[in-house]
């Protein structure tokens, strides 16, 4: 049995300020945020669904409620680099913690879970990872109800669970996909307060058998004008910037015929810091610094799926 | 010799309520269901065939009866993701149990049967799996007749028995196909109450030598209008839904020029639960919830066979 | 040294009723049957050739007789799935046994002879297989003449002896081909009562150095109208079928522009049993059952050689 | 734990005369030089940023300052062979040392860090390399502030962190990319005086997840007319060369329709030494020697990215 | 050190009747036969060359004689399947033995020399093979001169020494080519009575470094009309065949627009024996038998070099 | 640490008559010969460069002299098979020995240096090879100056140091290139009397990082008319040949539209010996023999670089 450290990056208890801030900065993803919240609530307290049915569909126990038992608590976040999918996957637990007033533990699967080379290890390690989460999930439920929620995030999931449509797939990979499917299925039956989130740049590369199990698939795109404006306004809080500079920045950072628009991280980790560095140490950050950098800085390239 | 746990997912005794419910939900597959029932009956009690011949073709022993001795109890279920083939494979034993008034044991081959990496192991494991089933099959027959029926399901069979037409096939795979063929042949001769079902998305990928041995090949497709209506009616039992909403749902979930229709699981694991989640917790599930989700939810993509 | 069980499927002594029946069912293969009979006779009793020469070409010892010493007792059966090549390879020994009034032992090489993974094993195993057959062949000849005949069948031979034209061939395979060539050559010189038959779907895949050694290559095709009629007549013996139904069945099971005709096994292992199952258990097998199944059942797909 | 010698080429303390001379010879790279200097200053003394903000944006603590905490101290130098990127990466520490009046240690990752063959080693070695640098970085910060700066250079980085877009990527490589990402992330949080520079001929080959983390990406090109003139003037200091010879040399070493221009090293390691060798030992270096060699010497070929 | 049995097929002392007969049957290869004879004579007794020079070019020692010291005793026989190259390689020693009145030992390299799988073994085995031949070659020369001649035949040489132009070549292969080159070079210097003959279907696949060392390369083709007539006449000696039947056979077995002509072995191992079998046992071999078989028998396919 | 015998073919002390003769036979390569001589002189006695500068550029120490310290003593010989590059690489030390009046040791790297299969060995072996040469190089310099010169020849270098542009490159190869680069760099700094010569048929396959380090790259072509005439005249010394026969031979052995010209070795190892063999033993070598062979003998094929 592998230890927790072999399987996961350091586990993080949410809420936590940095991730809370990231969650708040993710503007325009309200639909996803809302659905994740409901799913988590139902996992944490399944009786709420029956209570809801009793209240709103009195008289009979709707057949639809039974269908929930067949679903896996699996969510797929797909989208381009910098579209916020990983940031959301690692931060939405902050919101759940607040909603449920429970601690939420964030488990991030190490991709090194693929094993240190011995064929068969990947299968064992993925099995161990799910066993571990399963075990923690069982402890998260005590006679008085759920005491914590677990979120398991698999970033760059395509590396782990890519489609068998690609015929040349290595058997070991195949066995890894099987192990993953088995892990997801084991959670589906167990009704534990565990959510699994797969993030991928290449939704087309995920195995159909896995996609079929996803309760929902969310597609993320680069921020639109409104989102970029909101991100920039927030990031430049405390600096005096002219309104028309914001207009120009929104335009300069948007897509045009030759290139895509800026990603979230292009805005916050490149554009604004670079403008600050231009000003530093000689004088204040001025609008021209921002505009100059926005003119020169190319957005992150789009991750191209191999056709 | 590998243990049962190395070879199979946990063995399930049928009938069992969840699988019975799935079997019942599989609407429109009556032909397959009927043929499987007959095959199982003949395997469980071969004398019935001769009795039938004596009754309906009196006087001579028809040559055709001898041909049954050369057939392998092998069935191929091919079809798209979500077409119900795996669900049927894992649930038709419920019907057999009822028909024969005997317990039916469901063995699901682990794909990890491909071995933990040592070349030659796959062969050994497949051999072990068939030996195990063979042994159980022999115990299933005692002097008073058949006391149980065994169903061996190989899901995603293409991963295990893909065609040697693909020249670059690894030898180990080749040996695995051989082991599988040998296993099937050993059952053919033994007249044991064992049925083998292969499920595959890609019937074209199965080895011709295997296909040749199949007693029957069934092709599954996504549910048609009538089937979708029946599935939805059943799933929404207990909820008040207007008849014309059903009409619209059937239409919205059907194929059009741009995309395929919904799969069985798209209907039961995605559409209805997502609509419930939209309503929850604020109010009852209304027709609009269903229609909204049906408008937004894309059906599972078709599994594309590499040409 | 590997044991017999590692090298061969269980050895079968011919004649044996099931295989005799298969041999008899193979209609339209008389040329092959006749030539195989002659070859076996000459191997079993080489003096017959000289006796023939003395009788029919008296005076000199024809040079042609010397050429027989350079030939390998190797026959290649190539053809599509279901064309009867494997069935013939495994059953013509019944005829030899009758002709020679000697027992014939059928050795079927396990493809797992390719070894359990250690490079070099395949070479050793093939070497062992030929040594074993060679040794048995020597015992088959005693001072009074030949007391048994051995037939070594290599089914799916392309997997074992594929052409070196495919440059990316693995060295181990290459060594396996070498071992096979050496084995064949050792038999060529020894004049033992051993016949080697290679069956392959893909004659183009066999190594030219092997093809060059073949005493004869026979090409098998799917049964024609006459053969299908004969097969059906035989299989439906004991059932009352109208003559025009046979006409229709022959036509329905033949090739058309869209698909190939039925194989031998499509007729005997699919068409007739499926019709029986349709009738069973409610009433007699009627002509409509046969016609319905023939209308619905698709023939086995043709094995496509990778170009 | 691997030792320093396993992980890095011999560590070099900067400033050091040879590298200082190289740094000075890199003409026309002032923008890069300036930005690297600022980044290093901020890493060495983060309070300067807040001091700047207090002075130039008084009253509030600008939100932008927080964004610096999320950035990785990672810089990507991309460009053609001979464009000076590696030379700058290994020499800009001389400037930092002078600016900060601190010693700068140059760590050059061995590409043999990919491991000596055992799968899993690469991951361990990269992990060790970052742990080592991390540990040294922590020692570089004492209560009184930063006492040294570390520069980690990964030359030919594409070999180490190539993109997962290339589907056929080996898992071990994938795990190596993961280890590298983890190492970069660990530095991002730690605010240690460590800068990481990746040099690559093929920026398109770097993993997007890595590119996303880069604080800045600089593209290097071959020297233009002005740069080549400056390099040549410097290299020929002490030799009498006619002005129009310089004009001709600048022209001869520039790009034309058929070929690229000279690289920095073509000028200093090929053109001038070859001219000296032509003159040696018989007479002085004359203008004709330079012109003759410039006429004959082909520039280094451009590194072609596989499309 | 590997033993002789690991390296070579059983060594054969020439002359030997079967091979002598094959040599005699190879009609139309007189040029090759003559040159091989001269080469062997010079290797067996190098002084003959100087004696020749003294006689025919008296007065000076021609520079050309020195060039012989740089040549490797390596001959390449290339050509299609059945063109006689292997037969000649393994039989021309009979002629040498007669010419020199010395025994000639035929060593046939096992292709399994490629090793039993451990990388590095192929190199060692090839090295051992040449060491062995070298050692035997040294013993073949005693103070009184040469007492035996050795011929080393490498059949299917392309499998062993294929070109490095094929970039994807495995390193082990590369090392094998190196070992082979080293072996050939060691013989070149030693002036031992050893000749090396490489046979290949694919001369284009041999490594250029090897081709460069070949003293001569002979290209073999299928027999032309005259050769086929001679072969048939010889093979049918003792049978009465009409002259015009020979004419027809020559024509029927020649190439036409759709197919190549018969190979040597097609004539002797297929055509004539098959005709005999047609006649046997009922009557004499008649012209019609020959013509019928010639009409029906397809020539061996041409070995297609991958382009 | 590997021993010398593992790393190098037997070390040869130059001058040595056979190689001296080869060197003398290489006609038309005077430019290369001259430059190699100068480089070696400077390595053996670096002060000569400063002496030269003092004499011819008095007053200042030219900056150009410093550039020599950055150069690696690496020379690339590229060209077709038979163009003389390997012959020159292995023989120019004879000239150096004469010029410097010092012994020159020729080290020829074994390509088996790639290791006996354990990944990581290649790196170690190349490292050992350079360490060994480095150590010998240090011994070659004593207080009184240089006492020997070392030449390290890497023939078929592309097999060892091929370009990383080929993405599918094996990591082990990559590590080998790194080891080679490190070895070259270690020599660059050390100013030892060591020259490294890489020979390759495929200059395009060498790693750009290696090409960048080359002090000079020489391209070799097949001999032109004048060179062929000189080679033939020399080889036929002592035989009476008519002048117009030489004219015809030069023409016959030159390139035409269909084929390339003869290589050096085609002339000396094929054409002349084959003509001698035609004459031997019956009469003198006549002009017709030469012309006949020249008419029939095809030149070595050009080594085709995979595009």
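Just a few scattered comments:
Letters A, B, C, D, E and F name the chains as they come in the text, with residue numbers starting at 1 for each one.
As a working rule, a contact is a pair of C-beta atoms (placed from the backbone, for glycine too) under 8 Å apart; a residue touches a chain by one contact, two chains touch by 3 or more.
All values derive from a computational prediction rather than experimental measurement.
Shared contact partners of chain C and chain D, listed by label: none present.
In this structure chain C contacts its sequence twin chain E using mostly different residue numbers, the overlap staying below half.
Chain geometry summary: the mean Cα position of chain B and that of chain F are 68 Å apart. Averaged Cα coordinates give chain C a centre that lies 59 Å from the centre of chain F.
If you average the CA atoms of chain B and of chain C, the two centres end up 34 Å from each other. The set of chain F residues that touch two or more partner chains comprises 118, 166, 168. The touch graph of these protein chains is a ring, one cycle where each chain has exactly two neighbours. All the chains close into one ring, and from chain A toward chain B their sequence is A, B, C, E, F, D. Taken in their complex, chain D has these residues touching chain A: 35, 38-39, 41-42, 48-49, 52, 56-57, 60-71, 118-120, 123, 164-168, 171-172, 174-175, 178-179, 182, 204, 208-209, 211-212, 215-216. Chain E meets chain C in the complex at residues 9, 21, 81-82, 110-112, 114-118, 156, 158-159, 166, 168, 201, 205, 234-240, 263, 265, 268-270, 272-274, 276-277, 279-281, 283-285, 300-301, 303-306.
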